[in-house]
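Following are the structures in question.
Heads up, the next two complexes both have chain A, just with different partners, chain B and then chain C.
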Partner chain A sequence: MYRSRRSQLIGIAYLAPALVFVLAFTAYPLVQMVWMSFHNWSLITPAKYVGLDNYKRAFADDQFWVSFAFTLKYTAIITPVLIVGGYLLALLTSESSRLRRITRTTVFIPVVIGLGVSSLLWYWLFSADFGLVNKALADLGLISKPVLWLGVDAGRSNLAITASVVWKVIGFGMILFVGAIQAIPREITEASLVDGASYRQRVTRVILPLTLRTVLLVTLVSVIGSLLAFDQFYIMTAGQPQNETATSVFYVYLNSFPYLKLGYGAALSMILALTILVFTVVQLLLTRRSHA
Partner chain B sequence: MDPRPLSRRSFLGLAAGTAASVALASCGSSGPSDTGGGGGDGGAAAGAATYWFLTGAPGEQIRQGSVDRFNQANPDAKITATTFQNDAYKTKIKTAIGAGQAPTIIWGWGGGGLRSYVQANQVEDLTSWFAENAAVKDRLFPSSFGAATIDGKIYAMPAETVQPIVLFYNKQVFDKVGAQPPQSWGDIMSLVPKFNDAGVAPISLGGQSRWTNMMWLEFLFDRIGGTEVFQAVFDGEKDAWSNPASIEGLTKAQELIKANGFVKGFSSITADSNADQALLYTGKAAMMLHGTWTYGSMSEEGGDFVSGGNLGWMNFPAVEGGKGDPTNTVGNPGQYLSISSKATDAEKETAKKFFSTAVLSDAEVKEWTDAGAVPIVKGTDSQLGASKDAEFLKFVYDVSSNAKVFAQSWDQALSPTAAEKLLDNIAKLFQLSITPQQFATSMNQVIGQ
Partner chain C sequence: MRSRLRWPVMLAAATLMLAACSQGTDEPPSTAAQAPAATTSCASNGELTMWERSGGNKQMVDLLVAAWNEKNPNCKIKLTYIPHTEMVGKIAQGIASGEVPDLMGMDLIYAPQFEKAQQLVDLTDRIGTWPELKTASKGHMTVATFENRLYGVPLYADVSALFYNKDLFKKAGLDPDKPPTSLAELRAYADKITALGGDTKGYYLPGNCAGCNIFTVGPLMWASGAKIEAAGPGDEPLVGDGVKQVLQFTREMVEAGNVPEGARSENGETFHLQFGSGKVGMMGTGNFNITLARQQNPKMDFGIALLPGMTPNSSASFIGGDLVVVPKGSQRVDDAVNVMKFLLSDEVQVEVYAKALNLTTRTDMVDNKYFQAEPLVQDVAKALDVGRTPYTLTFFEQINSPQGPWLKMLQRAYYSDDNLDTVITDAKAAMKSIANE
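Entry: the complex of A and B
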């Protein structure tokens, strides 16, 4: 009895720093946000309790739905590209040779660049007057006059930004896939070779099933990341044209900071957080099933 | 809403700032926090005051210099300064004021932000103090007091420097086409086809940033109907946006857009990246309406464009038949220092002494002019001659000191909510997706908010 209580205390003592950190920087802000979402607060005047008004307003707010739909569309387009593309790159580079290692490193480099920096870089590459993208397309004879990539047409802006983000993050998935593929026991690979499996059969029957958990993990991370997209849109289109490319987080930002409606911004954050929670739970359930 | 410092922010700062915003937006920001290093009154004399202001060269060093000089002269009533980065400051100062923990001296932009402090009874009314200390008031540009005045009362001490918006042009491009700088709105409209025929965009515009479009409306409204048109909006008069002068200004802006006056795809260009300035100094565009703060970046980034004398500038020309005074200008008429109403009497006295003896003292004025800025003090034009940019600084001084009215940028003058609605509608107006009447109807709904 005495010993177990003592060891419990020691355990808690070891946990304490991490626990304090989580409480201070995750639990407390979360509670505070829930509190804020039930109030109208502009910082200067004291917060006023408004009950569920902020949530009711969100559901009647057209721009909220435009942003939400746009974010889902962006996520739906970019996720398959990242997963399939990343996986194909991993298949190409999983076995170690000099050229493959160089390829892997090259594809991975953009991952370590800040998203803000890479967005500004691509803003200039896509510039109608100074950009290299238009120059290259024109020299190839694919376009006759400069294309206005960003901020004029929502679909085209989305395409351009998706391309820049794929360049930026595809290496992340690739590295995890490479790790998973390399972790497949040699015996299994050798056994399938002895059985006369073709490369295609080995990919679909051996490699893919054995790396499925990683695929689901990467999908989960990438879906959450895309649903929280902000930097690239803030920098490259600032939501233009007419807030059609304003993502959900961008709209939360607009409400919380430039408009200083902190309560409303908090309510929108809560809705967004719950949406992401649903996606996460669904995906985690899928992961568990694949494991069983 | 203060887009100006943003346009000069480095991309690293932008990245860090957006990352912080994401973190805040997705986790929710914490409630009122303590005042950080702001409370400098521990153990100090009763009259010790606190002062919060912005970081960043050259302003930070100059502000600190004035505080240091004041503290040396007043060892009994020292001022403790705390500095903040621009975006952090905006949230921090509002949190502190809301929590009753404001510094004695509040640095700000005047206009709509100041109005919200006044409505919450958080800042001192300085009207009678300025009446008693006429000498303090009389040495500053009269136009700088507009953004410090709310409902006829002065709530802030104007400080620091002016940044009017002026019409820049590329002299080489004008020479190539054989055109003269425009003297009227009609001239601008007739220059448009000339430049288009020569394959040069008549006007550069970073339309994605929206407040850039707004500058055209600010001048059109003023030149057509005078300053009272926007003043009526600012004062919260009903249906003020439906004023005939306002409709005419909005219509003229759309005429210019329909005539291809602005660079093709202007709504894809951001001002934050300085891409609009690049169009002007690379000769891809002939004119640009922009704040005088772009002069510095065009000098740095434009090769020998500025130093070679190829950059021309002028105040916005008159509109034919307009009522407005063509000497008027728009932009940042100054920065503003208010006194917290929650401060003790002794602290308030120290702050007032700081205003009358240290703010824009001769030493501070010299530091501003050395840094290539024009302080809001009368008679500094003689000190501008030594600068390598003397000609431009003299022009900025003349425009600012001769302006009968130096209006504050609309997005700064209005409340954050109204300003955001305004920028949204301006984007739609410039994309020709709403008519001037629809613009007015939509904006009338947020008047007085």
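Entry: the complex of A and C
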């Protein structure tokens, strides 16, 4: 009994730093957010308990659901591009040669740039008056007058932002895929070659099945990142036109900070967090199944 | 099972107690009755902390702080800039956590909500009788006052006016010394300038920027007799024929091709660069554009007039800028009051504000040697007499937000064929709903 109690204490002592960290930076904010979601609180006035009012209001708030639907649409568009594009790049660059290493590095460089910085960069590149994108298209004779990429047409804005984010993050998936592909035992590849498998057959029958867990991991990261999209839309369109490109997090931010409705913002955050939790659980289940 | 549940419950309870304990605010150390008479120097020694938003007139604020620091080396101001879009949240967080600066610059339109929440120090008994305040910018003083109590003084003023390119006026056969005095003239002049061809356009409307539009289109409505925002619960927004008349005017300007197509995506980032490009004949913008346009396009000859309304010679302007206020919890209220006295002093008004060709915050200081040598500043200073500042507790939601009803209404007017009565009715309902919350 004494030994096991002592072992427990030692175990807790080892866990303590991580436990304190999780309690301070995850559990406490989460509990605070739940508490806030049951109150009306502007930070500058005392909080007032309102029960489930903020949740009722959220379910009746058209703009929140418009933002939510747009976020899902954005996620549905960008995720396949990132996965398929990243995987194709990984297939092209997974072998070791100087040119491939340079290509990998070049594609990966934007990953280390902050999303805010890259969004600002692309905001100026897409600028109707001063942007290089329009200038390049005009010089190539593809357009006769400047294209208004951002904030005028929701579809076009989404396309432009998707392009900028793909440039920024596709290297992340590519590097993970390269690692997974390079981890495939050489004997398996050689066996498939001896069996006369074509390159296409090797990719679809050998490489893809053996890297499926990484594909699901990258998908999970991409889906969560896209559902939490904020910086790029805040900087490049500010939700325009007519609030059609406002993402869920952007709407949460607007309510929480500029509008100073922290309680309502917290309720919206809770709904969003639960949605992401559902996505995560489904994907984790799929991951387990693929592993089994 | 029971013990497993106990820990999370205790944790939640502790969290709630901690949160509840963090709501207190500190009182300022001295009351108005004990306060010494204000001077333009230190009341005590030690660094003063000040916050200011980064998107405002940084150049002016830097000069003012440098002037104070030079005169008062024992109580220098340590200035921290907060990103403009973060300012309201940052102040609110500072107030909630008790970590506030000794004084701060605040975008004047947000002052009423902080005054109502009693988060600013009431300065009425300390500064209310100052003679300088009789001529202080009336827009600033309106929003610095809540229920007859005074909470701040002007830090700097930005006013909107109609800038016009005299070179393009001459090319279009217009008299460069006769700017438009009504919306009908504005339209006729814009048509002639656009007719010059190329990428020259007669007018500019920022299609995706709520703040730019209240600054430059709002005055067109005020000059036409309209009222825009709902001041509070039950108040009626968008009142008067001027609203529809101005929306009709702007729609026709866009339809006639008088506005550059790129303006539709203007979210404020390049707004200040448009007039200096030399390709826009007329544009509502602010006094800050005088220096900027000269730097951008030194050879361009331009003039400044007041923003007109429907009736000839009617005019209005948006008085923007910042207030200096003292947040509750400030430990240096006496020094903060002295900084205010310093800012309003004759010497600073002339030798700092006017010398840098910025507007003075007192109208009786407009007639000075620096402005006399610079007629454009004198022209733009006239806007202080006809200007106003919206007064509402929900300015951001109603007007300034990119998601707000004001911008939505303007975009529908500029770029759709929607019936204008419906457009106004929808915006009115949304504004009332926000104000009634």
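The definition used in the following text is that the second predicted complex is superposed on the first by the 292 of 292 C-alpha atoms of A that agree within 3 Å, B and C clash if a C-alpha of one lies under 4 Å from a C-alpha of the other, contacts with A are read in each partner's own complex, and residues count from 1 in each chain.
Going forward, a contact is a pair of C-beta atoms (placed from the backbone, for glycine too) under 8 Å apart; a residue touches a chain by one contact, two chains touch by 3 or more.
All figures in this text were calculated on a predicted structure; none of them were measured in a lab.
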{"item": "Chain A as common anchor, with chain B and chain C clashing or fitting", "value": "clash"}
{"item": "Contacts of A:Gly86 with chain B and chain C, given as first, second, both or neither", "value": "neither"}
{"item": "Partner chain in contact with A:Leu23 - chain B first, chain C second, else both or neither", "value": "second"}
{"item": "Which superposed partner A:Gly173 touches (first chain B, second chain C, both, neither)", "value": "neither"}
{"item": "More chain A residues in contact - chain B or chain C", "value": "B"}
{"item": "Partner chain in contact with A:Val249 - chain B first, chain C second, else both or neither", "value": "first"}
{"item": "First, second, both or neither for A:Ala128, with chain B first and chain C second", "value": "both"}
{"item": "Partner chain(s) touched by A:Gly151 [first = chain B, second = chain C, both, neither]", "value": "both"}
{"item": "Residues on chain A lying within both footprints (that of chain B and that of chain C)", "value": "28, 32, 35, 42-46, 123, 127-130, 146, 148-152, 237-238, 240-243, 254, 256-260"}
{"item": "Contact footprint of chain A on chain C as seen in their complex", "value": "11-12, 15-16, 19, 23, 85-86, 88-89, 91-93, 95-96, 113-114, 117, 119, 207-208, 260-262, 264-265, 267, 269-270, 277, 396-397, 401-403, 408, 411-412"}
{"item": "Chain B-touching residues of chain A, taken from the complex the two chains share", "value": "26, 28-30, 32-36, 42-46, 114-117, 120, 123-124, 127-130, 146, 148-152, 228, 230-231, 234-235, 237-238, 240-243, 249, 252-254, 256-262, 265-266, 269, 272-273"}
{"item": "Residues of chain A that touch chain C when the two form their complex", "value": "23, 27-28, 31-32, 35, 42-47, 63, 123, 127-130, 145-146, 148-152, 237-243, 246, 251, 254, 256-260"}
{"item": "Residues of chain B defined as touching chain A within the complex", "value": "1, 11-12, 14-16, 18-19, 21-22, 24-31, 90-91, 94-95, 97-98, 116-117, 120, 122, 208-210, 263-265, 267-270, 272-273, 275, 278-279, 284, 416-417, 419-420, 424, 427-428, 431, 433"}
